[in-house]
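We call the chains A, B, C and D, going by the order they appear; numbering starts again at 1 in every chain.
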Amino acid sequence: MAAIDELAEFLERTPGGGILLTTVDAVMNWARGKSLWTFPMGTACCAMEFIAASFSRFDFDRHGTIPRPDPRHCDVMVVAGTVTRKMMPAVKRIYDQMPEPKWVVAMGNCAVSGGIFYYDTYSVVRGVDEFLPVDVYIAGCPPRPEALQDAILQLRKKIATESISKRRTRPLVSDLALPTDPRKGDLLSAADADEEDEAPATRSVSA
Amino acid sequence: MRIEELRERVCAMYPDLCPLFSIEFGDGAISVPLERVHSAAADLKEMGFDRLGMVTAVDRGEEFEIVYRLQSRDLRAGMFLKALVPRSDPRVPSMCDLWPAANWQEREVYDLFGIVFEGHPDLRRILLPDDWEGHPLRKDYVDERIIPRPDYI
Amino acid sequence: MSSLLLGILWGVAGVLVIAGGAVIGVWWERKVAGHIQLRYGPQQIGPAGSLQMLADVPKLLFKEDIVPSGADRPLFKWAPLMAFAPVAAAMAVIPFAAGWAPFDTSVGVLFFLAVPSLEVVAILVAAWAQRNSYAAIGGLRAASQMIAYEVPRTLAVAPLVLLAGSLRPTEVVAAWRWWWLPLLAIAFVVYLIASIAEMNRGPFDLPEAESELVAGYFADYSGMRWAIFMMAEYGAVITASLFAAATFLGAGWPFSGALGVVALVVKTSVLVTIVMWTKWTLPRVRQDQLLRFCWVVLVPATLVQLAIVGVVLPWM
Amino acid sequence: MVTEELTLNIGPSHPSTHGVCRLLVRLDGEIVTHVEPIIGHLHRGIEKMAENRTYLQVVPLTDRLDYVGSMYANWAYCRAVERLAGIRVPERAEYIRVIVCELQRIASHMMGIGSSAADTGATSAFLYAFAQRDLVIDLFEELCGARLTYNYVRPGGVSFDLPDGWVERCRAFTAQHPKAMLEIDGFFFGNAIARARLKGVGVLDPDAAVAWGVSGPSARGSGVDWDLRRDDPYSVYPRFDFDVPIGSNGDAFDRARVRLWECIESCRIIDQALDQLEPGPIMADGLPRLLAPRPGDAYDHIESARGSLGVYLVSDGSPRPYRMKVRSPAFCNLAVLPLIAVGHTLSDLLVILGSLDPVFGEVDR
């Protein structure tokens, strides 16, 4: 993990370090909130609104939010669109490739709950929170770019409450219990089966 | 071309297809026995239907109905070619040798209905993951992950 | 002993200049891109968003440092520094004014041409160490492209050396006359194009082509290691532009002293802006087109330039 | 020396696959020796869902098929329903449908041209195209309140009449749009690098285009002179005077440029339609609350931005479709990718994919 963990541990052990810790927290949270680079996990319709959000009219670069195509450089994954059972392992994997600290925005009804594809369908995952820890939900089918903008601002508020200290931050993804609800099915075993990597060279970035 | 002219043209060229030709909702359809479907398609291609617009199937209970939509640029017309396939042994000759367009379309029908296309070069699932069980567009498909929609109307 | 101390001091200063330049460069690039694309670019931190990097840098600094499980760990960790070092080293011989460079050596021009091309080794190492096929393709593209464009770049600087009669950059600056501008126009343009290709920037950014290779040779680098790569890239832009401004455009000309330094900075900024402008307006060329352009257009053009200079030289 | 082919997995989330397509590529150096598109990452089972919805409730589902051109799927579905149920659509509704669909064609082609540009690295050209798209989206938003999923064309007509002043704003748009297109034509298609990147890349033979079922601008780029609006005229299209632009080389350049000229032709159609627009009802009279067409099957198709988009409906007399099948042009166009991409470089592969302009909501359904 990054140097920041050692710093946090050191500050906690030092007498009076708590005061410093809160200062460091404030600076880090400010920096992280103002520089949220997004990974456009655009799967369906919402991806169009995501594109519109970073283009001329809405221009999220104003907030310091730029889309980067490489998960390794990103802070926020914006899941924009329906996630199907076939797509889910890829989404999960790209999320795992992002460096901590990372956040997830579920953009649109499909990513929130399955939306219009909740009933009657056999292939849609009902919301990305079945396999990702979602920080901000945006309703809408698709949500307007302004709603995405609001989500970024909400996420900043949320980041402001976090701390570099492990004791104060939310649990890591690996600690989260995976869904066991039978209705949700064997999400992860299906995921493993689909990862038939044809070539050894394709391991690292599935991009 | 108007649909009546098309029927006359078909009847003149292939008399055995003439009684099978029906007109419904302003559209022509030829329903042939399964053994005739490939040769009928070849005949119609000869006649000028150079495009295979669509391949699909309908679950009719005991049988599947396989539906081909043919389009012609020269005749400026479109029509259906249909055949019934027994559910117990769903096998249909592949049209890939006539129209390469059939390749993906037949894979889709195989994926969603489980109809086997004999002679297809690469019959695999296309839309669903390879390890999927069952064929979802069959009416008797059961999947405990489906939540049926409450009946509001 | 004191020279060693001085060397270290200059080294630190050079790194700081490059880091500072990169910070300003990234902001400026985002503003230039925004302007070209009918939008604003960063706005919230500082005047016109100019302090945006104050948020980006700490964030990147404290991001998780991922080393992929299949990677060659030592090479993976050292590659960013290997990429940064040649850029910083090249800074040392740039003649900031007539008669003054941090390190005034008799083979300065040669040094400047040779050292930055060591970056290709760093890129190959980085690409190899990640065990990622995207990175491997990017690294191989970078290698072929950087080695090929060495040739026109070197040939483009040759007329300068011929005219000045020296490989010492300060003497080149001292010998500079205004009529070199029209005389060396071809060499200057070729140098600029070849430099853009050398530093892997658009329209020659194939090694890191966003729409093809996602991020190319640094695909698996995260946080600060990736930022060092970006710093090396912006450092290369700045050093190449500085060198061009100093030698082709006559350093502080038409002023001298403090005003001369201002003139040099302005010329460099204009060149940096031109580099960004090309990136954000032009499509990307393909690998074979890139190499053909090098051998069929640029190299002959520099040879023509050399011939012109050879004709002029006896009358000087 | 031993050489080895490199297997590269592109996608399913890659900046240039325009959605969730996965390409399994084998490379010999930079040259593509084998490419297999793996689709279905957005297969949502819309055809199965339609079997448990009433005819009207299916319309919102069709919006989500081709999310770059929702109006087309609305219209194609409604035409199939109208054919089944024997509904006569009022003339004003037909005109409005033509207008919105031509606007939609512009919006969709802006995306196609823009992503062609973005694939070659000219991101800025994408933004210029997208700015035009935003203007169309504004018109749609005013018309039906949604930016992307309109649910506007309904069986029997359209859901809302044109708001006050909309016609003038639409005319203002069509007045400036051709100029903007010529500007993009100049700075992108006139650019030497763009021409070098797009010309001669991914050549699709016209006979192969027909045999593989390729339609729309992708086929017209190859010189297949086939446009349903003219050759199998539907709605009020016979009343308009317009040209069908076709390419000659069948390469990525022609495919992209045909889209550009189609936008200009669409402006002509919109202008004529606005001229001929008469007041009147926008919804067929006497429609039952619950449509239950007599048993049978019907197919109808329209020319969408991607090609001939057809909907096949089977009715069993109940208020729900027994079977709905969407004949997706993007699906058929994408199938031709391995044929035209092999032998080109990796960079070209993505340009070729972009020039076919697939939308994966429609490919996967």
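In this text, a residue touches a chain if its C-beta (ideal position, glycine included) is under 8 Å from a C-beta of that chain, and two chains touch if they have at least 3 such contacts.
Predicted model, so just to flag it, every value in this text is computed and none were measured.
Two chain pairs are in question, B-D and A-C; the one with more C-beta pairs in contact is A-C.
Nearest to the overall CA centre, using the mean of each chain's CA atoms, is chain D. Centre-to-centre, using mean CA coordinates, chain B is 24 Å away from chain D. With each centre defined as the average position of its C-alpha atoms, the distance from chain B to chain C rounds to 61 Å.
Chain geometry summary: the mean Cα position of chain A and that of chain C are 35 Å apart. With centres taken as mean Cα positions, chain B sits 43 Å from chain A.
The set of chain D residues that touch two or more partner chains comprises 6-8, 14-15, 40, 43, 45, 48, 52-53, 127, 131. Counting partner chains per residue, chain A has residues 55-57, 69, 86, 119-123, 199, 201-202, 207 touching two or more of them.
Contacts with at least two other chains are made by residues 37-39, 133-134, 136, 210-211, 214 of chain C. Applying the touch criterion to all chain pairs gives A-B, A-C, A-D, B-D, C-D.
For chain A in complex with chain C, the residues that touch the partner chain are 1-4, 27-28, 30-35, 55-57, 59, 61-64, 66, 69-70, 72-73, 75, 97, 99-101, 164, 199, 201-205, 207. Interface residues of chain D facing chain A in the complex, by the touch rule stated above, are 6-15, 19-20, 24, 40-46, 48-49, 51-53, 60-61, 64, 67-68, 111, 126-127, 130-131, 134, 137, 147-149, 360-361. Against chain B, in their complex, chain D makes its touches with residues 39-40, 43, 45, 47-48, 52-54, 83-84, 208, 210-213, 224, 226, 231-232, 290, 296-299, 301, 308, 310, 312, 314, 319, 322-323, 325, 327, 331-332, 334-335, 364-365. Looking at the complex, you find that chain C touches chain D at residues 33, 36-39, 133-134, 136-137, 141, 202-203, 205-206, 209-212, 214, 280-289. Interface residues of chain B, counted against chain D in their complex, comprise 24-27, 50-54, 56, 58-59, 67, 69, 71, 73, 76, 78, 80, 99-101, 103-105, 108, 112, 125-129, 136-137, 148-149, 153.
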